[in-house]
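The chains carry the letters A, B, C and D, assigned in the order they are written, with residues numbered from 1 in each.
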Amino acid sequence: MSDSFVHDIHLWPLLLYSALVLLTAVGMLLLSHFLGQRHEEPATDETYESGIPVTGSARLLFPIHFYIVAMFFVVFDLEAVFIVAWAISLRQVGWAGYAGVLIFIFILVAVLIYEWRQGALDFGPNSKKILKAYYRRIQQKRKSS
Amino acid sequence: MDVFHLLWLVPAFPLAGFLILALFGLRLHSRAIAWIGTGSIGLSAILTLWIGVHFLTQPPANYQYSLTLWTWFDINGFAPGIALYLDPLSLVYIFVITFVSFFIHLYSTAFMRSNEGYVRFFAYMNLFVFSMLVLVLANNLLLLYLGWEGVGLCSFLLIGFWYRDEVNGYAARKAFIVTRIGDTAFIIGLFLLVKQFHTLNIQDILQQAPVVWSAGATAVVWVTILLLGGAVGKSAQLPLQTWLPDAMAGPTPVSALIHAATMVTAGVYLIARTHVLYSLAPAVQLLVAIIGLLTLLIAGFSALAQHDLKRILAYSTISQIGYMFLALGVGAWTAAIFHFMIHAFFKALLFLAAGAVIMAMEEEHDIFKMGGLRKKMPVTFWTFLVGSGALAAIPLITAGFYSKDLILFDAFASTQGSFWLWLGGFVGAFITVLYTFRMVFVTFYGEQKKPITHNPEEEKAMMIPLVVLAVLSVIGGWIELPHAWAHFTPFSDFLTHVLPPTNLKPDMESQEFMLQLLTAVIVFAGIYLSWLAYVKKPALSASWKNTSLGRACHDFFYKGWMFDQLYDKLFVKPVVWISRIDPHDFIDYIYEGFGRLNVLIHAGFSRTQSGYVRWYLLCIAIGILFIFSLILFV
Amino acid sequence: MISVPVSVQLLLPSVLFLIGLLGVLIRRNVIFMLMAMEIMLNAAGLVFIIGSSLWKQADGQVMVIFILAMAAAEVAVGLALILQVFQMHKTVDVDQLQELKDERERG
Amino acid sequence: MWHQHLLPALFPQIILAAASVLCLLLIAWKRNHAVVHLFTLLSLILALASLGKIYDATAVDGLFVIDGLGVFVEGVILIAVFFITIFSYPYFFQSQIEKEEYYVLLLLATLGATSMVISNHFVSFFLSLEILSVSLYTLIAYPKKMSASVEAGVKYLILAAVSSAVLVFGLGLIYVQTGQMSLAELGKLATGGIGANIWMIVGLGLVIAGLGFKLALVPFHLWTPDVYAGAPAPTSAFVATISKGSVFVFLWRLFSSVGTMSHAVQLIFVVIAIASMLIGNWLALLQQNLKRLLAYSSIANLGYLIVAFVASGETGLHAAMFFLVAYFICMLGAFGIISFLSEPAESGQQERLSLSSYTGLFWQKPGLAVLLALIMLSLAGIPLTAGFIGKFYVLLSGVYSTQWLLVIVLILSSVIGLFYYLRVVIQLFSRPETPVSYPASPYAVSTGLAFLVLFILLIWFGVAPGHLMDQISQMVHMIKG
């Protein structure tokens, strides 16, 4: 980016636009504050003013799998940045860079294999495991009886 | 292969023995312990013999051999080396140390058998032998000091060996503290030497000393006095002699090895090793002679009044080391070393024999409760008699005669000697005979007052050392015959490679025979007198003791010239008094306050370790601010 | 257009950094602390961006990529640990982590 | 920028990186504690062997510098990790959790540490630091059922991440001011004078704070005892030795390239060193928990190390390296013994922490007790141990650079230190009223051998330190830019 390029752009429309946006938002809030009506009914502070009572807290415990997948996503997503960086400088870095990125991807694949084997990617109930546990239990029952 | 390269093995064997016993001792069978403990010393003794034979037949250049094992470290020129130094002086010492130690260890295998802490005993003993060998073989002051402190530590540990009895612990502490006074002087002296010469190497210092210092220079006087302080403490000489009689609380082999044969003569070694310095300070050398003389007389009289067999021997040791100091003081260097060697033989023998007697008497120390043991314990009796003869210096047949006579003659005839020094030594010799034969007659003659339950004569391991040492106490003297006849002096000829020969006044040798004759007369007179007083007419000594003068003398001598009481009055009482009138002593406040302060600071900082992460973070932030302020405002 | 002086440019990351630091110091919830740390790390990233635009180098931007990647790794590990803490203590309040500290003095 | 000739110089790092990936695949293929353990030991040996090839190579690249200092410390680190790996096996043997990943993380942390000591650039330093730190978070909290470990992990994570941010922010400010991230280039600039720009000063200050945290120097030391006490003992050993040694080398590189230390920077380090020596020893004074005691001791020891750093120059560097080796041996041995004596519990290993539980160790396990006593004596600086020579060397370096204040404080604080080290020794040898039982640990042979080696090294470097000193003065030279 050259300096002249930066200098050609006028800044004031952006500032004006920002100011307008701010003004509108603050104005709306202030107006409703002064003009709006106020009331204190039993259901006013409820989540659903329609009258349906809330059951339980909204803060539920999620199954850990959601969380793990989210984490994988963040980590693997970031790795993509490095590949993009390589792609941009494809010609400059040449074969050495190509080898480098291959190694990088190989490591990612290795980690993926590991996670797969760990069962980190298994989603939902594992039917095989359940079946196994079921059979084991039946056998135990037979033995004991 | 050059045998001298193996010199390092001499101290290495006892060290290895110590390590094995200390690490695995608890799992070993008692027989294995005895083998390791004694065997390690035995190996060193054999090696010493081999090295000694080589040294005599194919001596190294200038009769000195230095073995640098390694340089400890070398940082910008400061490089203390770990080096051993062998010359005739250290050869004599290691010979005596290894051989006498070996026999005492052998004796201990039987003597200590019924004791708990068998391993502990042999481990300490091996450590002692190692330290003592390091002390005499050291090439530099650092190593010498290491050995010096090592033997002190082992002495402390072994005096308090039976630590369950409080008295023994007290004796151990007393020995440690009293010798510590000397050690402090010693280390200050070493610092002065290092400051002056910028080297730790003893030989370098001795070579440079005559160049740097003129005779009688203030510096050399101070250094020699301070070194003498160390020697006086270790060798139990006046005024630091009070610890040795109490040190008899340790097992008898310990008394024989540490407090008779080896460690207590370390002071003699130190002065002989630094004889160049003492030659530069004649006044201090005279002081050495006077200290020796006074010590030998005071200790001799004290020995006369003792009842405890081991205490008699302890005072006798102090007295005999007094003779060595006397010899050193009159420039009879070789005579002092000769007496050291002979004394090591016969005093170790006497202690070991006394140990056997005490064992037979079921831990009875009082000689007046023994008696009549001559028939029941013939080996012990005869060897004890030989040792006593040597101690009393019976002419011609005992080694003690040759060594002590040489000292007496030199005290008279050397250029630094005088009639008065001789006379003091002469009187001392008479007293020596008296207390020695008092001890012999009371213990072995007369009626038997107590039955023997377990006769140690059945223990071969205890009897062999007695016999060997007895033989040495007889033949040991024949390697140095007087000027008057034969003039056969291989021992002092050997030592003159390192120590200067004794300078005699002109035309003295003719008088030697006269002096010897005088000595012989008083020896026999002394024996007769004590025979009269303790065998023939026991009433004689008893009646004298009953006179008020006699009792006063007896008490005075019995308490070792009241030195303990004197020191008690002079040092202990005032300190106790001060501490009593001022229990919260202000000096205490300083030390205690220092301790308290540290504990307080500890508590304060300990509070910061509160486990709160956010507090930790705050500290980091404060630290960053602190750094900024330092940069900005400094 | 006027070019902004470096010191003024650096004010933004500095303010961000301080906000992050204050956040870490004030919040007791570990998750919010993690977020505050992210702000601090990103402030540091911003400094590198300023540097790379000032000196017209790509080096600073490379550093930013690494900072981002590492921040992600830190957060991933951090969240896993927080999960474990929550399972044990049923809370994510750091001040409740009091098992490790100096014992009070005996006398 | 493809420097083929530099590739062999990076073999240790390449081997470690490859080993950690392969180890991961190995675990994915088949879980086996013993196999993974052996694999780790093998790859460490391989990395060490590859180090021998670049014994006297000197080379500089944009990111890394291969000089004697780097190679020496890399070697020390690899050997230390070897010991830690040996101690880990019996420690985790009876653990119920999946223990194989521990070794992967160990390899990764080693990779971070070894690349940090040859880092010559902000990017390479930051990357290695983060590889090291992130692995450490997990290594510390590895026994995930133990609440203490997890707590230590969380604490370390929060504090270390903040300090990383501080550090990077400081590095960024330096970059903005100089336009350079390579230490070599910074060194060239420094000769022309960097100037006392406020942002530059702030940057340097932040970097000192960040590095000070990693080195556990006062006032950034508060995390140390909590983390040491909570982490599994082998990890504590890692944190105490390797992570500090490697950061110290970078500290040295950074400040020797920024040029002769300015007055203010030197003052900062003098203050930090004094505070660390005194406060570290004070904190340990009456401490009853052995791991916390060692943590405080390590704070004080790092203070001693900073004395050599302030002394700077060749003597200072050599003294620091010798001291570091002696310190490594002591810490490895002490934590090794703690991990060896820990007992299996349901949720992990129950460690023997309180000093009173070591009462009379000598009467039951004399070998271990003697080693531990020797370690304490070495830390206290008693002659004929490696610690004495190290401390003496550092002292001399302080004397030669006429840092009298530091020298005096070093001696005084050593006196305070003597008190609590001897307290431990006395505890080991006194007879307990009720005999404490010690578990019969499995696989005592390899661990016992490791202890024996440490014992010999401790004595050897104390009695005849000449070999190590020669080795250091031959190898350890720094090349700048």
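Annotations
Heads up, the rule we're going with is that a residue touches a chain if its C-beta (ideal position, glycine included) is under 8 Å from a C-beta of that chain, and two chains touch if they have at least 3 such contacts.
These numbers were taken from a predicted model, which means no experiment stands behind them.
Steps from subunit A to subunit B, taking the shortest chain of touch contacts, total 2. When the interfaces A-D and A-C are ranked by how many C-beta pairs touch across them, A-C comes first. Chain centroids computed from C-alpha atoms place D closest to the centre of all protein C-alpha atoms shown.
For the pair subunit A and subunit D, the distance between C-alpha centroids works out to 38 Å.
Separation between the centroids of subunit A and subunit C, computed from CA atoms only, is 19 Å. Averaging C-alpha coordinates per chain places the centre of subunit B 49 Å away from that of subunit D.
Subunit C and subunit D have Cα centroids separated by 25 Å.
Among all residues of subunit A, none touch two or more other chains.
For subunit C, the set of residues that touch two or more other chains comprises 21, 24, 62, 73, 94, 97, 99-102, 105.
Counting only residues that touch two or more partner chains, subunit D has 154-155, 158, 162, 166, 225-226, 283, 286.
Touching pairs of chains, sorted by label, consist of A-C, A-D, B-C, B-D, C-D. Considering their complex, residues 154-155, 158-159, 162-163, 166, 201-202, 204-206, 208-209, 212-213, 219-220, 222-223, 225-226, 263-265, 267-268, 271, 279, 282-283, 285-286, 315, 363, 366-367, 370, 389, 392-393, 396, 400, 416, 463-466, 469 of subunit D touch subunit B. Residue ranges of subunit B in contact with subunit D, taken from their complex: 23-24, 26, 70-76, 78, 82, 598-599, 601-603, 605-606, 608-609, 611, 613, 615-617, 619-620, 622-624, 626-628, 630-632, 634. Against subunit C, the residues of subunit B that register as touching in their complex are 603, 606-607, 609-614, 617-618, 621.
Taken together, the subunit C residues at the contact with subunit A in this complex read 1, 62, 65, 68-69, 72-73, 75-76, 79-80, 83.
Residues 94, 96, 106-107, 110-111, 113-114, 116-118 of subunit A are the ones that touch subunit D when the two sit in their complex.
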